[in-house]
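Have a look at the structure below before the remarks.
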Amino acid sequence: MSTLTKSLSGVTSLQRWGAGRPWLGSCVAAVLAWAATVFTGQGHGSGDLLTAALTFSAFTVLVSLGQMLVISVGPGNADLSIPSSIALSGAVAMIVMNGNNTMIVPGILAAVLVGATVGVFNFGLIRVLNIPPIIATLAGSLIVMSVAIYVGRGLKIKPPPLFSDFMAMRLLGVPLLAVVALVVTGGIAVMLERTVLGRSIEAVGQNDRAARLAGLRVEVTRFWAYVICAGLAGLTGALIAGFAGGNSLDQGQEYLLLTIAVVVIGGTAVSGGAPSVPGIWGAAMFMFLLVAMLNAAGAGPGLRTLLTGLIIIAVIVAASSPGKR
Amino acid sequence: MINSISEILFEVRDAAKAFGAVQALRGVDFQITRGECIGLVGHNGAGKSTLMNVLSGTLTPDRGELHFAGRAGRSDWGVREAQRLGVRSVYQELSLCANLSLAENMRIAQPQLKGWNWRVNAGSQLEASLDRIFPGHGLRADQVVADLSIGKRQLVEIARAFTPGAQPLELMILDEPTSSLDSHAAGQLLAYIREFVAHGKSCILISHKLREIFNVADRVVVMRDGQVVESVRTDQTSRDRLVAAMGQDEQTTGFSGEASTTAGPQKAPLVVKVSSPTRTRMEMNAGAGEVIGLAGLAGHGQTGLLLRLQAASAGAADSAVWIDGATSFVAGDRQTDGVFGLWSIARNMSVGCLSQFRRGLLIDLKKERDGAEQWRQRLGLVTPGLDLPIFSLSGGNQQKVLFARALGSTAPIVLMDDPMRGVDVGTKHDVYALIADEARRGRTFIWYTTEFDELFHCDRVYVFNNGEVVGELSRAELNEERVLNMSFEEIAA
Amino acid sequence: MSPVLAKRGVHMLHTLLPAMALTLLLGAVFWRQPRAMSYFGINLLLDLAIPLMFATLAQMMILAVSDLDLSIGPFVSLVASIGATLLPTRPALATLALAAAVAAYALAGAVIESRRLPSIVVTLGLSFVWLGCAVLLLPTPGGLAPGWLSSAMAYRTPWLPMPIWMALVAAVLGHALITRSAFGTLVRGLGGNPAAVARVGWSLVRVRAGVYALAGVFGIIAGLMLVGQTTSADPNIASRYTLVSIAAVILGGGKFVGGYVSPVGAVIGALTMTLAASFLTFLDIAPDWQVGMQGLILIVVLGLRAAIDRLERIA
């Protein structure tokens, strides 16, 4: 066999191995980005970079997991109300905690509950208005934002000291925030793999007609996808407020499109039914490191945004196949 | 009227076409002359639609020659070429844009209508066509298709196809064109076809209404199992002979499988009852442990009934349906109704009965795996691994997986939507045995099938025609001629 | 009521809703602020509707083929930014940039058709691209629109205020392009029954690319008019256009799928949405709630549409 044939057969078997693992691309990209950043920064602070990446990615991962569930429940589904949920729940968390160490857990619970309520509201809009979920969640988010403004305007409550300290703590060198995100990731993975709801999300996302005929409850599944997504956004809002030393209303703004980018780049099928959990981590780290790398290379926010957009489009084009709609 | 020295317009020799394991056409010879109208009849799976698709260029046959007006060709015969030379078809799926007006639909179909007043031109052309074929139609070119009833839309489809345009019109293929028309419009169409043909054009009419065939066709071609079994002039045959030709040969016995031995319906408690508010007023019912067949021509309401039963058992309100027990569904149209393409074989199986594998809140993966393994053995599934993607299986094996999904659930009533379509013989026999076994254990099956032989596995059969139940046959009374007669009977409109 | 009359009644409701909503809103505004009922007053109220109208027509074209454009807001902002930076100093380069943008839009449409991609995600990615380019041009808000553009937008039109003239122009243009022309028929046919259109032999890729390119052209008109009015720009100046344009098309009688759009309705919808925003300021609603009110208006509009659609189906 000639070397060309050998290398070609090697490539195709590699392709086959990779095709079953949609998260592979993003993880490889993340590693490359980290290497590139370290290289452009001449190796300074590679450990610090990793810590920062893990910390900030933790927030991204938490909300993106929720977005992944919504996107996976069927084509055309996405939750664009995440930034307003974050703003509102952050404010609520700070108010409930009120600087008191003993109120940390109730504060977090309140934030998650507020998020879940937003999820119920979103689902209600989608069902009643009978419009694309993107529009429903975007419209709903405006109302949620107003509530957030009303509740949180001028809020100067600082998070409880234990809560703030928690943000900087590490467990065996890994930021505690990242550990929390990892635990939640594990929970979502188990949910998808081993609960009826998880299987239903994948089934409904692939073919809602077949799912109904197989006896699954399609609307209930969609409901929970939206509620879990918004609940996770609520949790993230509380954590972000704790991290930033207080709630600010636009702290969730970047997550509007970032979560979709992370879900798409991480290998989750945009048409639904195939969530890719490890890919969320790979893509979240990649996005952070991309920004860091571009910063280190002197590129401004414009170039960053432009590149993000091109990468999203490139990823979905590459993941698709030519054919009739 | 056929001229004794009429010219052959279109000739097909030895056309064959297979779809996977299914041989849709087995060496068909077919020809039509100018000025001739051929009626094409046959039972389900006879190959009528496939043959028409070959003629219209939509499908390329695996082998065979096509000669149109003397020109030879197979490789370059396609939709464009066929249309260019004058072959047009009207199918059952409507190809109108519902959001556009009649004139606008005309424009899309006939791009040569250009200029400032294309709307007026297109509109008047279509209206002229409608006036010619369906006088008194009451339609205007500026009406939007979405505002029209199905019957009216069918008028527009037909008139549009018959409108002369940039391309000639030599051969018109009509597939069940009167299915949505009332009797008055149907009569008008038939009269127009006679006139069309009298002017030297040709027409092929597929219809299950034999009265229509005898009304307009010069010749009748009967197909069965992918072959032409009879080609005779209409004045030299009769309805009964056509029905006989569509069914089995005299020599072959009706059925060679094992008979199932479930108790008669009188002894088992009723689980399903469907009352019919339509003309025939026939009630459909099923008892526990019975295997009920739904027969008749494809697309005459059988799938609709199954879906209603499924919805009713899931909680939807339906005053005509009474059903006692949960249902599971075996899809026939795998792609749209059954298979989860991104999943493995095991997951496709288990999705119908996930709650069974639950231990507490979580699914016990080992139990799920064991369940899948049991079904693999019971069904004789051929696969190197149950975790492989479902599309690694052949069509027949995929269908087995869908059976496992439905039978693995605890639902006492199993609805089957023509699930053996395109499945190989080996798989079929495995599944028939399984169905008989399950029925003995008290499971009820409602089985829609387009293959006549399968009806012999049923205790009772309901025959559908035009959306209604027109007859009930027990296994003892079952023979193909009776079913065909009921399927091809004219329902008084 | 006989079924035919009922059907016709609901049909009337469907087509008249945008005009009724606009009239109602105008009445409410004039009641609150009688001085607005003047040339100057209407100019002030509806000036900002002018660029929005054309952005709405762009969105309408995309909705006509059953897609959704989430990048129209950032696109208009980009065009405005080009108008404030490149256009006055290097008009040739600016023209090239705008032409490239239209080509990019066309490419997006072609890829969406040929690869069966969801327009939502592709246009979301595209919105990033537009935003990034705008930020590269204008890292901080500023720039200056060319004199001819600002004077044109400030021109005092005879008889009727400019917004009314523009609305008429936009409505006539949209109507001619989408409702009356053969191309417009083809576009709506693609939205209604793409399989049927393909079966006749039309190239779906070309039609969709053409539709997206045309939307890009309307977006350019919108962006240039906007920067002519505001004289300076920033990368987020029109980001709210995305949602508002969708609401305007739906309010005007358009549907998300099926190729049902009304250009005249869309223009009326744009006027109504602008008026609604102004009306909110007249009501002295606390600034906290103004954002929410926009969302509420959107929800009310879409809810009304859904209710009318349901009525139509029952009739």
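Letters A, B and C mark the chains as written, and numbering starts fresh at 1 in each.
The rule is short, and it goes like this: a contact is a pair of C-beta atoms (placed from the backbone, for glycine too) under 8 Å apart; a residue touches a chain by one contact, two chains touch by 3 or more.
This one's a predicted model, so the numbers in the text were calculated from it and none came from an experiment.
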Contact-richer chain pair [A-C vs A-B]: A-C
Chain whose Cα centroid lies at the greatest distance from that of chain C: B
Inter-centroid spacing, chain C versus chain B (mean Cα positions, whole Å): 45
Inter-centroid spacing, chain C versus chain A (mean Cα positions, whole Å): 31
Euclidean distance of C-alpha centroids - chain A vs chain B, Å: 46
Partner chain B, residues of chain A touching it in the complex: 190, 193-196, 199, 202-203, 206-207, 209-216, 269, 273-274
Chain A residues within the chain C interface of the complex: 75-76, 78, 125, 128-132, 134-136, 138-143, 145-147, 149-150, 153, 257, 260-261, 264, 270-271, 300-310, 312-313, 316-317, 320-325
Contacting residues of chain B [partner chain C, same complex]: 79-80, 95-100, 104-105, 107-109, 111, 113-114, 118-119
Footprint of chain A on chain C - complex, ascending: 68, 70, 108, 111, 113-118, 120-122, 124-137, 139, 194, 198, 235, 243, 246, 250, 256, 288-296, 298-299, 302-303, 306, 309
Interfacial residue positions of chain C with respect to chain B in the complex: 180, 182, 185-186, 188-189, 191-193, 195-197, 199-202, 258-260
